[in-house]
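Dropping the structures in below, format is structure tokens.
Two complexes, one shared chain (subunit A), two partners (subunit B, subunit C).
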Partner chain A sequence: MTPNLTTDEIKSLILRILGEIAPEADLASIKPDISFRDQLDIDSVDFLNFAIALHEELRVEIPEADYPKLATLNGCIEYLTAQRQTSQR
Partner chain B sequence: MKEMTLVSSLQRYRCWKEKQPMVWNTIIKSRRDWSIIPHLHDYGQARAAFSWDKARRELEGLPGGQGLNIAHEAVDRHAAGPLGDHLAMRWLGKTGKVQDYTFGRLRELTNRFANVLRGLGVTTGDRVYVLAGRIPPLYIAALGTLKNRSVFCPLFSAFGPEPICARLAIGQAKVLVTTESLYQRKVAGSRSSLPHLEHVLLVGDDYKSADVPGTQDYRRLMEDASEKFTIGPTDPEDVALLHFTSGTTGTPKGAVHVHNAVVAHHITGKLALDFHKDDIFWCTADPGWVTGTSYGIIAPLTNGITSIVDEGDFDAERWYGILQDQKVSVWYTAPTALRMMMKAGTDLVRKYNLSALRFLASVGEPLNPEAVVWGQQAFGRPFHDNWWQTETGGIMIANYAAMDIRPGSMGRPLPGIDAAIVRKTQGDGGIDGGVEVIQEPDVQGELALRPGWPSMFRAYWNEPERYKQCFVGGFYLTGDLAKRDKDGYLWFVGRADDVIKTSGHLIGPFEVESVLIEHKAVAEAGVIGKPDPVAMEVVKAFVSLRDGYEPTPALQRELLGFARARLGTVVAPKEIEFLPTLPKTRSGKIMRRLLKARELGLPEGDTSTLESES
Partner chain C sequence: MAEFRMPTLGADMSAGTLVAWLKKPGDSVKRGDIIAEVETDKAAIEVEIFTSGVIEKLLVQPGEKVPVGTVLAIIREEGKAVEPGRLRISPSAKQLAAELGVDPASVRGTGPDGAISRADIEAVARRARDKGLETIGEEPVRPLAPSPAPLAPAAETAAKRQARMRQAIAAAMARSKREIPHYYLSTTIDMGRAMAWLSEKNRKRPIQSRLLYGVLLIKAVAVALREVPELNAVWKGNQAVQSQAIHVGVAISLRQGGLVAPALHDTDRQSLDQLMTNFLDLVKRARAGSLRSSELSDPTITVTSLGEQGVETVFGVIYPPQVALVGFGKMMDRPWVAEGKIVPRPIMTATLSADHRVSDGHRGGLFLAAVDRLLQDPSQL
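== the complex of A and B ==
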């Protein structure tokens, strides 16, 4: 388990991973409540790689059934924060 | 050049998990499995009795013996008969909107679009391209174009600007129908290099009017057009569809199909997908690829059934919801989506009532046995894999509804289709000779088809030489390697060339390499398909750098972004690896197969399965 991360740190981690998968994307203009797929050119394989990278970097379990919760930036932050808290207990 | 076997990514895929069994039990069908008797239930009898002339007689033809037109068979003949008020297409928008189109309504709208084209001076044989997500104007434009006897060419909306521009230029598009945002992002920049492109019709984002210089507003043109249109005389051999596909070398190839293809679209819908009256059919493919046109538009309509179109992208829960709520009875989807559903597990799917589902089929790349069997666990029915390609225009080989399934097999040739496994023979002096048919079972060779079915491609657009090369010794050579077992089941082995199969799409390595070497840091690029448990293969690029550039992670990211922005996500590499130099033949050709062998971890120096130096 990585040390406690603030919301901002989780957010910048998400954006860094996205930037590695889709370096052409303009991450500064991402709208936090619109799905990544509706504003960036990413396909299903990209999204899978994104979920795997989140799992590896944050050391949290992300069951496949929960992938839809990762669709937006805010959704990601909320989900990952909650998962980290659960697994810390 | 010697034809050799290649490393089979499928075999590799099958060994992905060491634990999995390598022998799969045949799935035996019995009468109890059928809620309705399949159209194709006695294979031998159906093959013996089949003729394409008979299949043609299931269609109507244009009134007064004026020929055969796809749009008449798909729309007008039903609109004029008892199915006029029947639901032809139900469109599900991304955000929950629903739009219903009866055959009658579809006739009016497609008539309007045909009149729009006529008003613009677009005529027989002119190419009308559509670049859009799965929105109703795409479907209306496709069918309206066919009514006007112009040539419909779909482009996948996830292509980047370069693949789009190349395809518009090769086919000399006269008209492009697209959306405002796709136009701005992907076409406007190359407009000046497309002198043949006279008309761009824009569908405004969120269905508002589009007001962009150099374009016209689709909605206004449609409103002003008449809803009456009579299809002119259409020779069955008139060109109807242009579908781009990829080869190992050179530019994308435009496979040309004619109106007569509708005979195959229609009958394969019946025989391979088992369409029955009152079926609700969902083909999840995008019309940017041939499946989404032949079976996402044409075949369900000619068969007079209801077709579901979903604008949204893959999402397991969304899809189960659609299957349940729309009471889908026949479902045609792709292995990549299935494997993603498998990852989400069976608990999720069991929450849905999928009792309307009767027949499940899959295409795009070989369906691995565990996915076939997973269908039984998740849906109570196995998936039926079938095989065909852009050039064949329709399903050629299938696991049909009544057939016992050998998981992993692509099935058997449909009635009217003669398939063989062949090997090339050397002619005198090393010149390419003919082919010989391999009669022994379980021996690998190239999958070949006897020409003569109606949806066979008639040309590669403006490339007669490339077309000619596909036919040897009285066969069309598919480029796929396969085996036939002693009972006539066919098994996919791999590609005979370097074309990459990813998420059901064919990607030509040359198109990717060409863009990479445009970057100032890149000296050489070699692109392969890297085996992947979900997408079958993903595009991987090996790159060597020019002097003065260092292989840093920052440069790797820059190249990835560069390729994605130009090629689009579907074509661009997912992975880039730097090498000091790339392996080449003496003539300087990059040996992709050696790159692939290294990627697969074959023993160093083992090139026995690789293409020999030419």
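== the complex of A and C ==
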């Protein structure tokens, strides 16, 4: 498990991973409550790579059924924060 | 001696620029080795060699753009003896070479066993004249007057690259619509069983080993082709040539715009896990510009999916010289009649675009029915 991360740190991590997957994306203009797929040119392969990277960086389990919770930036932050807290208990 | 030529990597390629040699004269190579990097209008490609031996001579220099089929290098095949300093050239051709200032050692002979003829010497001298070359021969090539150096691929703007790719796609698609009498057949597939099977499979797996449903579609197409093999073919000359191997080309959109459709070799023989691994690798390399030449030259059919873009039905344009393309649309929950009841089911449209010179609707219909049937029992894939 990586050390405790603040919300801002988790957000930065998400944006960094997104930037690696979709280098052409303007990450500064991402709207936090709009689906990534509606804002970025990403497909199912990109999304899978995104989920794998989050899992590997944060050491959290991400069941396939939870993928929809990763659809937006705010959704991602909320989900990952909760999953990390669950894992730490 | 064997010749290593600029490969044709699809109907939209007429020429390529040699970016770099990865081997030098004297290096040993074996079949499958990547020995050069080539830039086409669509992508940077790693070019494999299909002969084992030793690099004898490199005939084209990095930066040169040459037509498809141009000999790039000469390979001394395995087991063939070296003939140091020995050129197969007639006295008459030798004399002509001296008169015209052509270095015979740099000429590729077209006669028996590579013998250099007068015609070969004249051809080289003529090409040199046309280009205004200082050194007459097939290598090295040095212009008399400086001419603009070819732009290094990296120096090209993204816009220019995109424009070139658009032109390449335009040429291939225009040719397809001009030459191929397309027909289209469509069917709707209940993906309920496939998705339930996949979900159960993925539930037990670590995230790195999960499968995407796209891989089921690719495998279903490949296996269905065994039942309707005339769709797994290329049009050569004036007839269709069926391929024994099934190499499904998968359409991959590129970040800078445009698309490529490289092959997953022997698609029908790969397990779903192998296909998933190879598919992810293919997408990664397509977007990084490191596809291999055989991946672009070998597809025997293309699969494209635009479902993620919200498209319900895809009426694809066949990629010559292939004779068929399968398009998948968006999976959507729709009312569906099952066992006399209306139930919501995830429904997807599959469309076959096929060449009417090669197959007819009856066979195309059987193919789509086979794809549907296979997706109802994905454990068999």
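The definition used in the following text is that the second predicted complex is superposed on the first by the 89 of 89 C-alpha atoms of A that agree within 3 Å, B and C clash if a C-alpha of one lies under 4 Å from a C-alpha of the other, contacts with A are read in each partner's own complex, and residues count from 1 in each chain.
Just so it is clear, a residue touches a chain if its C-beta (ideal position, glycine included) is under 8 Å from a C-beta of that chain, and two chains touch if they have at least 3 such contacts.
Owing to the predicted nature of the structure, the values given are computational and were not obtained by experimental measurement.
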Using the touch definition from the top, say if A:E64 reaches subunit B (first), subunit C (second), both or neither.
both
Tell me which partner A:D41 touches in the superposition: subunit B (first), subunit C (second), both or neither.
both
Quick one: classify A:P23 as touching subunit B (first), subunit C (second), both or neither.
both
So in the superposed three-chain picture, is A:I52 touching just subunit B, just subunit C, both, or none of them (first/second/both/neither)?
second
Quick check on the output: what are the common subunit A residues between the subunit B footprint and the subunit C footprint?
22-24, 37, 41, 43-45, 48-49, 64-65
Considering only the defined contacts, which subunit B positions touch subunit A in the complex?
94, 158, 160, 313-317, 336-337, 340, 343-345, 347-348, 502-503, 532, 534-535, 538, 557-558, 560-562, 564-565, 568-570, 574
List the residues on subunit A that touch subunit C in their complex, please.
22-24, 37, 41, 43-45, 48-49, 51-52, 55, 61-65
The residues of subunit A that touch subunit B in their complex are 19-20, 22-25, 37-38, 41-46, 48-49, 64-65, 67-68
Which part of subunit C faces subunit A closely enough to touch in the complex?
199, 202-203, 207-208, 210, 212, 214, 253, 255-256, 279-280, 283, 308
